[in-house]
Amino acid sequence: GGNSGSSDESSESDGVLSVVAAYSSVIEEPWDGVIHEALQEMADAGEITYKYIDGIGYASGAFERAVRQIAEEDKPAIIMGDSFGNEEAARKVALDYPDIAFVMGSGGGPAEPNFSVFDNWIHEPAYVSGILAGSLTKTNIIGIVGGIPVPEVNRIVNAFIAGAQSVNPKVEAKVAFINSWFDPAAAKEAALSQISAGADIMFAERAGVIEAAAEKGLLSFGNQMDQKSIAPQSVVTSNVWNMRPTVKYILNQVKAGSYTSQDLKDFSMVAKGGALLAEINTGVTGGIPAEVVAKAEEAMAAIKAGTLRVDINEAVPAGSVTK
Amino acid sequence: MIDVTEEIISSSLRIATPLALAALGELVTEKSGVLNLGVEGIMYGSAFVGIATAAQTGSLTAGLIAALVSGALAGLIFAFTTVTLGVNQHVAGLGMTLLMISLCNTANRIMFTADGGQVRVDPWQPLNFGGPIFSQYLLTYATFLVAVPFVWWLLWKSGLGLKIRAVGENPEAADVAGIGVAKTRYTAIIIGSLFMALAGAFITLAFVGTFTVNIINGRGWVALALVIFGRWTIGRLLIGAALFSLVNAGQLQLRLLPSFADVPFEILLALPFLAVIVGLAISGRNVPYPGAYLKPYKRL
Amino acid sequence: MKARFVLRASTPWWRGPLLIAAAALLTILISAIMIRWAGGAPIPAVRYMFISPLQSRFGFTESLLSATPLVFTGAAVAIAFRAGYWNIGAEGQLLAGTIGATWVGLHAESLPRIVGVTLILLAGMLFGALWALTPALLRTRLGIDEVVTTLLLNPVALLIITGLLNGPWRNSESGFPDSDVIADSTKLWIIWPNTRVHFGLALGIVIIGLCWWFVGKMSGGLKLRAVGLAPNAARIAGLPVERTLLTTALVSGGIAGLGGASEIAGVAHQLTTGISNNFGYTGVIVATLAALSFIGALLVALMFGVITVGSFSASRALEIPSQIGQLVQAVLLITVVSALVIQKYRIVWTTKKSEGRK
Amino acid sequence: MNSVEGVAIASRGGAPSIFLRNITKAFGETIALSDVSLDLRAGEVHALLGENGAGKTTLMKILYGLSQPDSGQIEADGVVLKIESPRDARAAGIGMVTQHFSLVKNMTVIENIALASAKTFAIDLAKVRAEIVAASARFGLDVPPDAVIASLPIALQQRVEILKALMSGCSYLILDEPTAVLGPNDIDSLLEVIRRLRSDAGIGIVLISHKMAEIEKVADRVSVLRRGQVVSSSLANGITSKELVTLMVGEQQSGAEQRQRSASPSQSPILVLESVGVSREAGGLSDISFTVRPGEILGIAGVSGNGQTELVNVLSGTTQIDSGTITVEGHQLGSNTPQSLMRAGVGILGEDRHASAVHALQVVENLILDCVEKFAGKFQLRRKEMLNHCESAITQFEIKANPKQAFGTLSGGNMQKVLLARLFSRKPKVAIISQPTRGLDVMATNYVRSLIAQASKQGTAVVLVSEDLDEILELADRVAVMYRGSVVGIVDHTAASRESIGELMAGIAK
């Protein structure tokens, strides 16, 4: 990785904090892309200096080396990144550098004194996407292609299915996992096989699925980012994860000197603006009936108001899921 | 619901396209006595160069041409090191693969992904002649209707093919017959690289319309396996490609069934490699390697 | 103009080093072009990549750590190549070693550490050797070329790991495709306090020493070299060519597998799908750049360790892609290997044929 | 010596039309050709003579573009020819049949011939076939067009080679030792073909041969090469065979004393082969039986390609037998591996000295390669003892070499001596010696032959395989003749003559 951002090298001159990120995957992969986007925006606004290293992967010792190098050589105020699959390494380094705030995407809990965790808690917008999908399907078969069936993926997929079945109990969801975080070609092939099995709406938990839906003239739902631009005629909406609230909160904490390790889950949920539903794209092929849009917006409002709670279900949703 | 078998066949053809193209390229190369382990890298390079050019010029055709040029260039470098210099073919091939992958990843970062974006083009769409089986990309039709007969004609019917085979079997004899061994091997390597480049371009320009790290994902190694599985004949090579693609497409369908949720499909994906090893073991001492396989030739 | 390569009668001693230096320079030049293109400054980049890791204790020890798996795979490839056994399968053998090691690591609770460590290393070695067995048998029994068979088993090993990690070995806490952490009793000792440098490095150096001494000094080593240089001559002299090849292949696989175990027990402490960052393939480069000498392999492995650490530093400091580190290694391979060949030849330029006729 | 231009008159052919001028060529430190000039005429058979290694092949390879001279040039009709590849040579009307055939073994005759003229795209095998049939008739060279080369006997393969060259339209044809691989009958028909080509087609032929009889039969002009230099070039009828031999080897005549053969040896045989057979894929031997007594030399004669190489491979253990038995000193071998043979006391000198040793290793290392264990210390090889052993071998066998020198840098004669030293220092009970003097000069040849004689005197049983019939007649007590993979007759030295053995070699049963 490299970056643009401020040219200011020092760690804390005139209150500009330095943040260095370590990504296991590459920044074009949406999960890390969301974090990168938020940090880059802060850097462009002059609020932080930002550097990153990406594509570190899961080779033995690589992630720990990258994070240690950052801690040793850049001495930043904050190290962010995703420690999924490199959990042990990240936590070990954090213990050795108690003065640096470690803020990591993680499936585990926070660790004293300086290891905070966040995650993409976008099951709420996923539920609402599901409502749209359940209303729009004609074959009552929905195709879902996920990365690897880990709890954080499962809960999004399950929420999507629950949402669909809440408005249309006949919905059958076909779920396939490509067992990779980023393999658009495999994801597309899996999506095409679901389409051939009758799916007429596709949920693109991973990259590659929207392309399949677009090729077959079907509707699709994006994940992590607003992915409308990939295929404006196909993408109804996306479950968007927004890291800005998390980043802002952490910056304030560190600036104020009151940073402690914590679970930042709330900042990635709808209530605090960390999760949202992208603007519903009524321009897709065949359009979207107004009452369906209304239903979705109603559900979203209810979630914001706290009157609708979306269940968290982290069980593996395998094969075909019917109610 | 659409007929599943029909869809599996359709999907197999799609999966088989880059494999068959790359394997044909490797076949032409190996028939000249040269093992090109750079196949994975050449595919990677053309996949990237193809889409990068298409994105910059807005023309998929320009992308395809650029991909072919990149393939030819990579082939040229490989030919220079192995034919002219006589470097170990396996070392040069692995080097080529590592070079192309690291070069493209670096260029991709510099050109397209520095701010988290990704290169995208509107890819070629399948041409629909009715039914899922006949809804395929132009390149898929071209592969099976043009490239396969062409390579068959090239290797077994044309004068160049005769030269390639002679050079691969007995370079000394070919040399004495007045055939430029180096020239013929360069030609075979470059023709082979062009097919590998087509295979790479198919993945980005037709199939996914984007480029990501690890886009080739071992397809080059599968192509290599297919050539040996096919005992250096086109018919058997195609049978191998068909079997592998059917297994691959079939497992994607099987994954949809609840009872198969826990089946380790990785074993199925390992099949082509294992099939080659078993096949070699069964043929025993009768593996029809080209006579000059892996041997550099130098006149004194 | 047409170039012709003519074998030199004799090569002055300085030509080799000179050409290799030229190759290194060419590599740096090509890298510099890429660095410029990426918007970085080439000279500091080269300094970050090759020198700065050596200037701090942290950088140095991390370089040692990165070099450790390459010491094993470099030695594994070098010893096989010396015997004329073209083992391109160190990657798969290392991966097989990680499987064996993880299996022990997950089942070896409450053993004394010395026992646990011995077991995990033995398992890695055994699995690596077993992974090398089939191609070796095919070669020695049926004369089937090992280049392709060893190569094609690499993706198979990776698929088995993926299968294990998506299935029975999936992490019991996170559900991620990485195994649980191995038992403490099987973790290797840290040999340089307060760094990550572990016992595996010492083991690797011992292996290098053993290989060097065996191949150079022992009777078995003389046989191995003879088989590698001229198998028919060795056969005529009554040397057991097939047995030597088989043994060497298994030893080579065992060393690569040991490298896998060293990574699991020394650093990673768990199996991941990406556990090997092409360590086996890089081993082929390491051995080739070292011209198959063991001490050379150790030095090249260390250099690659430095480049690995240095390219991360350069990447962040100069904001250039970290992928350039790998690029440097690949370009270095091609230029140096070409230089090693070219040094044996004299290039004669001849004019076009038509000009030749008077 | 006659000057090259001096004898142009009265020649059968016309004026010289291809000149090789001042050709020099060195391989590393070996000077293969130094300042060689030669001229070739159309319609004339020009014989090229010289010992092994004199440079004949090298010179012709240069003419045919397979090798480039370090200096010198080739001219035709006053024009300098730039021959950089066989393609250039053929364009200049020069064709060549190399010492080792240049045919693609698993292609058909048609494909092999089409190769030479193959264009890039269209290729019409039917047309090539018709051309082959026509050319066969025209030159009197019958070949089966659809047969795969590997299935043809050597003589037919050679015919394909000649036809291939002729069909490319050459007016000069180089034949490098074409008769070495043929039996007497095939030799006669080849010579007939050569005469016809010269007289009917007006083709200029360069014939390389070691056999005076053939030269006498067909040559119009004879040139002799010695150590890379032309020492004579003259009309054939102006010079006798004896003079030619002197020209070839120099004044120091072969002074080898005749071996004293023991009167009928009484001891029982030490090596017994009974009905030994080897499958076709492994070379094809059938029903080979013979015995050798201690102190006896059994010569194995035969036209090359009749199973001698395979027999040596069987006795060195590199080819496994499929039937029959091998018994050494009364003990039947379970299987004929190199190890079991060596343990039984069988030693071997392979036919190709370059293939029998490791060029890159030192002389001292090569010398102990077959008994490495003897020098294995607990922790490392005992270098000192190895060197001592080597020094004494160097002295005893008069080897001109330094123990630490790389074997590949030795001259052929010295290589052969090192390998003989390796063989005899094991004190083998049976020595299998194959082509011991191939490529050696006269002095080295005599020395090697005396070593073999000496070993047999000391009780070693020797199996001597040689293509050189004179060598066998000089050394052997009995001669076994091989034909098509079996032994067709064993003749006592008292009854052995060139003629009797020649008939057996040609497969003409008595």
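All chains are identified by letter, namely A, B, C and D, in their written order; residue positions are counted from 1 within each chain.
Definition applied: a residue touches a chain if its C-beta (ideal position, glycine included) is under 8 Å from a C-beta of that chain, and two chains touch if they have at least 3 such contacts.
These figures come from a predicted structure and were not determined experimentally.
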| item | value |
| --- | --- |
| Farthest chain (mean CA position) relative to chain D | A |
| Pair exhibiting more inter-chain C-beta contacts, B-D or B-C | B-C |
| Approximate Å spacing (C-alpha centroids) for the pair chain C, chain D | 45 |
| Gap in Å, rounded to a whole number, between the CA centres of chain C and chain B | 26 |
| Length of the line joining the C-alpha centres of chain A and chain C, rounded to whole Å | 37 |
| Interface hub residues of chain D, defined as touching at least two other chains | 27 |
| Where chain B touches two or more other chains, by residue | 105, 109, 262, 266, 285, 300 |
| Where chain A touches two or more other chains at once, by residue number | 1-2, 4, 55, 179, 316 |
| Which chain pairs touch, all of them | A-B, A-C, B-C, B-D, C-D |
| Chain C-touching residues of chain D, taken from the complex the two chains share | 26-29, 68, 79-82, 84, 88, 316-318, 338-339, 341-342, 348, 350, 355-361, 365, 369-370, 372-373, 375-376, 379-381, 422 |
| Contacting residues of chain C [partner chain A, same complex] | 38-40, 56, 58, 62, 65-66, 69, 162, 166, 173-178, 181, 196, 263-264, 267-270, 272-277, 309, 312-313, 315-323 |
| Residue ranges of chain D touching chain B (in the complex, touch as defined) | 27, 64, 66-67, 85-87, 89-90, 96, 98, 100-107, 111-112, 114-116, 118-123, 164, 168, 281 |
| For the chain A and chain C complex, residues of the former touching the latter | 1-4, 20, 51-55, 57-62, 64-66, 68-70, 72-74, 84-85, 87-88, 107-108, 148-151, 154, 179, 314, 316 |
| Contact set on chain B toward chain A in their complex | 1-2, 4, 7-8, 10-11, 14-15, 105, 109, 112-118, 120, 123, 125-126, 132, 203, 207-210, 212-215, 217, 249, 252-253, 255-262, 266 |
